[in-house]
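I have placed the structure first, in the form of structure tokens, so that the comments after it can refer back to it.
We call the chains A, B, C, D and E, going by the order they appear; numbering starts again at 1 in every chain.
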């Protein structure tokens, strides 16, 4: 209890800090220097209609690379951290509902398709590699919800992930020699503004990112799936005999 | 001040000084013991008894030696006594009886005292006699305590006269007893007199010898001619000490008569105290020296500084 | 110039990520991932190295100068795209990180093998991420890289899957999450205000000018600060250091701290001076708090964590004082970072080799000496000893801080450094001396051994380089050090060869040095004491059969330090020599069997003293504007404090009262010839220092009065305490040790009088103390060595077995006690003259009675050892080793010569002193010296006393007595016969009655005081470290609380 | 000291070497006393006469009481008898004493001590047997534990008979001793040296366990 | 009322709520959830800061071009897209931030799984072995 009181007092103080922030924060009226530059030159320099994508993939490509790296890191860590043990017994899980099974069977292909669409069109419309990857991963979630014992080939996921990551970095380095610098998307010609094959490397990069993010998120999920408490564990929710 | 051309002459005079002082010392011993006996209503020894004892001891036939240091110990002791006599100007104004005082001042005399103590301690130490060692330990402890007021009183004198030279100090006291340090600096003199008691091996500070307890302390194993040497020194050394005090505090001695009188009186001071007071244990005597005499000594210096 | 095509910094990121992603194709167990890892980190290192080399060249030839390189990503100019920078600082830090990565990777090879290729890629990404933090110029990108590093670390923590590691990792992630939240807030607010994410543009945007900008900055700075684990919001970091695999902790401490530090370095210019102050304050609190709490820590890894956190605190202080430190900031920071990173990595790596983690268990290192050497190097580097970079860094730091009048700050720095030294040396002591029989041998295959060894070499190399580019140290002669290195290399040879080589070396040095010192008698005398003493001690070293591993390099280190003291051209060199000597002497002193607690306290007092000295020197230099030795003359900045501190520094070495408690034990347990070095020679270094300072101080200024008054009393009381305590010792060596305290007390007293005679005493005592103490130490030490015990009551009657030793000791103690006719008396005589002519009666009186007290212990020593009853088991002992007797008799000859001709020493010294103190000189006629007060004729006294002695002896011989030589039981024993020699040897508690009377003076008040102080410190540490409850939530609470408190403090302050 | 203390024993030196100790050999001087030059001379030289005078006028007594007769020695120091005036003094150590007064019966235990004390006195030295017990055992003549004739064990110069003799008798004994010394007859020490084997045999015969060196220097 | 400020306030509120969970809940998973809430709050703030009142998404599609033209006509000059869109940068940033948050959350959960495996407990106070 005393702990809660202290926490409460601390949060009051923190709220005070935030209040000070709010008091001093002045809502901007205009775009600032950087944003204005992007608004003005983003289209012509990068050739992407979606300015956010232009920024994400090109102007701040290094951030994106880092972000992909973080996902990769997390997946890698989980892969040796939550390593599946051989001695894990069979898991007994409650059967999924009819509704879920049917829905997933119908929806999952569409979800994957949507994901692919989102990252392929990332430079033109809202969305992008991350969003697409996340959508793909959500499809996997659905699959796993339907059949928690489904085996997902983590080997395949890892291969795709590594390959896309490697190519991504490779293209980035190519930018040093073929264009203005690391991760410069102008290795390929800009193309026609607003079309699918425009904005230089951007769509390709976004596809790679999408693949990578998708596989990484999926990888994460499968890792967690793999370490579920096996039968005979102390998880109270699982009752024996109710398995599929 | 010195020229070694006159070395043989110097040596002759030195021998003469030693002879005189030794006789004075022996006689004083005899007389003292006589007085001591009279006080306790005895007839007492013959006043020349110390001579006989000395002769007898020198004439005992055999010596038992425990080793080189044991052998040399008494020699060190005697060297110290004789050296002190020779480093002190005995008679004021007499170049003859100033002997070797050209080679050092009062500080030399003060520190040369320890030469014999050290030698004696080493000699008796080598005898392997544990009681000797106990005696030496007591003696050193007590002497170091007694030295504290002693050094203070000497310092007071040195400060008063702004010199370390004994003859200069004596010179400054000439012209009547009102010039004596005893009068001009009574506190220092009192301190010195109290400290004097501590180095005379008399009651109440004679637990060093403590006959019977640690048979006789440091010289337990010494006998025969060794003892003779020690006795010789015992005749000389107190006189040397006395005359140092006389020089520093009591106007020195202009002639041998004055010398004898002053030495006698000063000597008697320790005798009288010794007769009256019982023995202190070592830790008692150390504490005692660190009380009254130390306070007096510090006072004497403080007075000198403010006065 | 660096070829951008091959060494483009972006390659670090590119190659790193490509390799990491590529590793996804591999499976666990194959060798390839690890080869790739080593190759990649090596490539990183080469790139950094290429840049570093270019920047280093810049310093030397202007036309080949290398400007900082900017790398624009995406082909757009900043601020619109992210750019990286590779300047000198970045090159340095990335090099450090990459080497750590390379070696750390090698160290982790087997762990990584177990965990598979994913772990390898995580490792590569970690290193890449740290590089990114260093290079990036974009705050959001910085955030990304920091998160990469955080997550990678969180992943690597669990390479070792234990509950503790998991818990630590969880706490770490929570903390990292909270920090990232505030960092993001800061970034986005900064963006909102500054309109850019680029650091350089944000700097131009004047964030502090805007109201919200200040808050943005606050969040940025506090988040980066928290990333640097400020005390007390750093419990999570300690857990990580503690629980992570040692190899990972090593990289974290070495590279991680450097990266996080540099992130803050980049951000801070955005802010105003108040942010610098904030950082400095946080650093100070961290440095102090963390090191204080480290005191109670008894597990190695966690202690390393405390220390790491502390060192980062120091970096924060340096950063916070950027303005004050100016151009030197990077030099100082580099020095600290180098020392910290290299040393910490070594220590963590060592920790990884041990099976147990208790501090005591580090004794296992002793089974592999190379590890112990590495440990020692690391500890000394952390505390800031030469020749390590931190020494120079700390020097510059304190110098500049005090130059800028930031006294309190430098006091805090030194205080905290001292606390660090307290636990580091305690720990090192355990490693050196604890019983290690039951401990398993450290597991050190080559791949684990290699990294710490390389870092060890780098540590020394870096130290050398840092020294060579520091102004004031550039002309320093490294020849003696090279000689020491040579000795270290030939350490496998037998001792006598090394001994000969050492003697030849020192002799050559003396010949080389002499012409340079000619005419400067003061230095010549001390050079003589130091170096002739060196030859003599080394001469006695021939007694040693066998290898005597490690002795010669260390002994020569000490002598080299002493030689540097003599030759020092400026304060830095002086201080350098001082510290060098301290190192050497420390290792020499702890060679004894039970010497550890004493060696430890020696070290603490030495470190404390040298810090005081450093403070004083820096004040002096601040006033003078230069570090030349002349800066000590007439200090203008806080002169009283400056001089007092310098004096305190030197008084620790002279073991004066209050600062003496290390000496009896340290010297008492040292081996014979080392004891000689330590006491007869080493203590004189302190005297030399005092002389140097006092000469500069003079006696005219108003502040000198109190200083000299106190100094005089310190000297007098040291003399008294030393001598009285010596009387009550049972161990001969401790007795001599206390005696040294007393003797040094005379010297200090003499110096404090600031008069001709006083200094004459001091210098002549320095010489004679060297002579007679040399004899005593060698003989007593030789006997203790021979008999296997220093306890006097176990000896007795040795005169029969060791007559030569006895004679030497006899002469020595006569000299020491100042009894005429030997030269010791000269000093007593001058003391009287001094006391009366200068009117310092009370101090003088204390000094004089101490001289009398000296008789007590001298007699006790010579009696209980040489006289009395010879024990059963000593009946067949022989004379001490001839190699001890040779130097002893050389010293003895010197004493005899000086006794006949005291003018040989006193006259030239007097003439030299007349240059400083013209009044009160002794006038010399032959051997007769005359002062205003008295006179003293050494030669005549010798002749007269010798004459009397010979005459008395002749008289005695003339009696021609039959002499029966008898044996030891032929004594009068109350009619009984002694049964055993040990029962009739009066020796134990010799001065019992004396103790009864005045033992109260020897109550260990000083020891109690220091124990009390140490108890308070430890108690405080124990109380405050309870904030680290181990609960992740509490740590989260700490973090948020820290933010809130600092926020309101800063707002309140604005 | 017991017999155990003079048995050979072994000890280990500081270097680990074994040292064998033979206490009688190692700790005691094994020389025997020798006869002085003066003893062989028929007529004492002048200087020897002077020495003898000095010796007789300065009798230093070992302050040691072996039996009940010791009670009679004390009054000699009091004003009534004041033995000091005859040059007699008491010394606490045999090393500095010339006269050993065996004051009464001598038990075997005390005999051992007396012998040792006597041998430690520097020669010339004198023995004064006080009381009948030292002459023939007196009332303890048939005791299992006392000796009967002192001069079987030590050379006695003067006997003072009586049980107990008064202090006056003791003074008379001193007077006699002085005379003997002055006449050159105070040669007990030489006698002891000369007949050393006889004395030793007697001593060893009565003292069954002889646990000391033959001559205690 | 400005939507941007509203988002800011909302974000701060979320942060506080999240912290409440983080600091008071004993259950490890709830703590992670608390962290997620905090993280979300920050993301909302980020987006809120990029928001400009009355503007549209920064996608230069046909719709935006029309508005540009319309605005240009009103102003009588060639209007800038910059005056019509919200700041794209925070949106790009928040994308990264979200992913990073995801990574942290995933890792935290992995830790929870492992910790639970060790002690069969989700109480944070069960894991206090390392302290002082």
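Quick notes on this one:
The rule is short, and it goes like this: a contact is a pair of C-beta atoms (placed from the backbone, for glycine too) under 8 Å apart; a residue touches a chain by one contact, two chains touch by 3 or more.
Just so you know, these numbers come straight off a predicted model, no measurement behind them.
The fewest steps needed to get from chain A to chain D, moving only between touching chains, is 2. If you take chain C and chain E together, the chains in touch with both are A.
When each chain is reduced to the average of its Cα atoms, D sits farthest from chain E.
Distance from the centre of chain A peaks at D, each centre being the average of the chain's Cα atoms.
Among the pairs A-E and A-C, the greater number of C-beta contacts is found at A-C. Innermost chain of the displayed assembly, by C-alpha centre distance to the whole-protein C-alpha centre, is C. Rounded to whole angstrom, the centroid-to-centroid distance between chain B and chain C, based on C-alpha atoms, equals 53 Å. Chain geometry summary: the mean Cα position of chain B and that of chain D are 36 Å apart. The centroid of the Cα atoms in chain A and the matching centroid in chain B are 105 Å apart.
With centres taken as mean Cα positions, chain E sits 115 Å from chain D. Under the contact definition stated at the top, the residues of chain D that touch 2 or more other chains are 93, 95, 217.
Contact of a single residue of chain B with at least two other chains is seen at positions 61-64, 215, 220-221, 224. Of all residues in chain E, those that touch two or more other chains are 15, 19, 23-24, 89, 93, 96, 100, 103, 107, 114.
Per the contact rule defined earlier, chains pair up in contact as A-C, A-E, B-C, B-D, C-D, C-E. Here chain A touches chain C in the complex through residues 6-7, 10, 13-14, 16-17, 20-21, 24-26, 28, 32-35, 37-38, 45, 58-63, 65-67, 69-70, 72-74, 76-77, 79-81, 158-159, 161-163, 165-166, 168-170, 172-173, 175-176, 179-186, going by the rule given at the top.
Contacts from chain B toward chain D in the complex involve residues 37, 40-46, 49, 52-53, 55-57, 59-64, 211-212, 215-216, 219-224, 227. Note for the complex: chain A touches chain E at residues 3-4, 7-8, 10-11, 14-15, 18, 21-22, 25, 27-32, 34-36, 38-40, 42-43, 49-52, 54-56, 59-60, 63-64, 66-67, 70-71, 73-74, 77-78, 81-82, 124-126, 128, 130, 194, 213, 217, 220, 223-224, 227, 234.
Chain E makes touch with chain A in their complex at residues 2, 4-5, 8-9, 12, 15-16, 19-20, 23-24, 52-53, 57-61, 80-83, 85, 87-89, 91-93, 95-96, 98-100, 102-103, 106-107, 109-110, 113-114, 120.
Taken in their complex, chain C has these residues touching chain D: 786-789, 872-877, 964-970, 972, 975-981.
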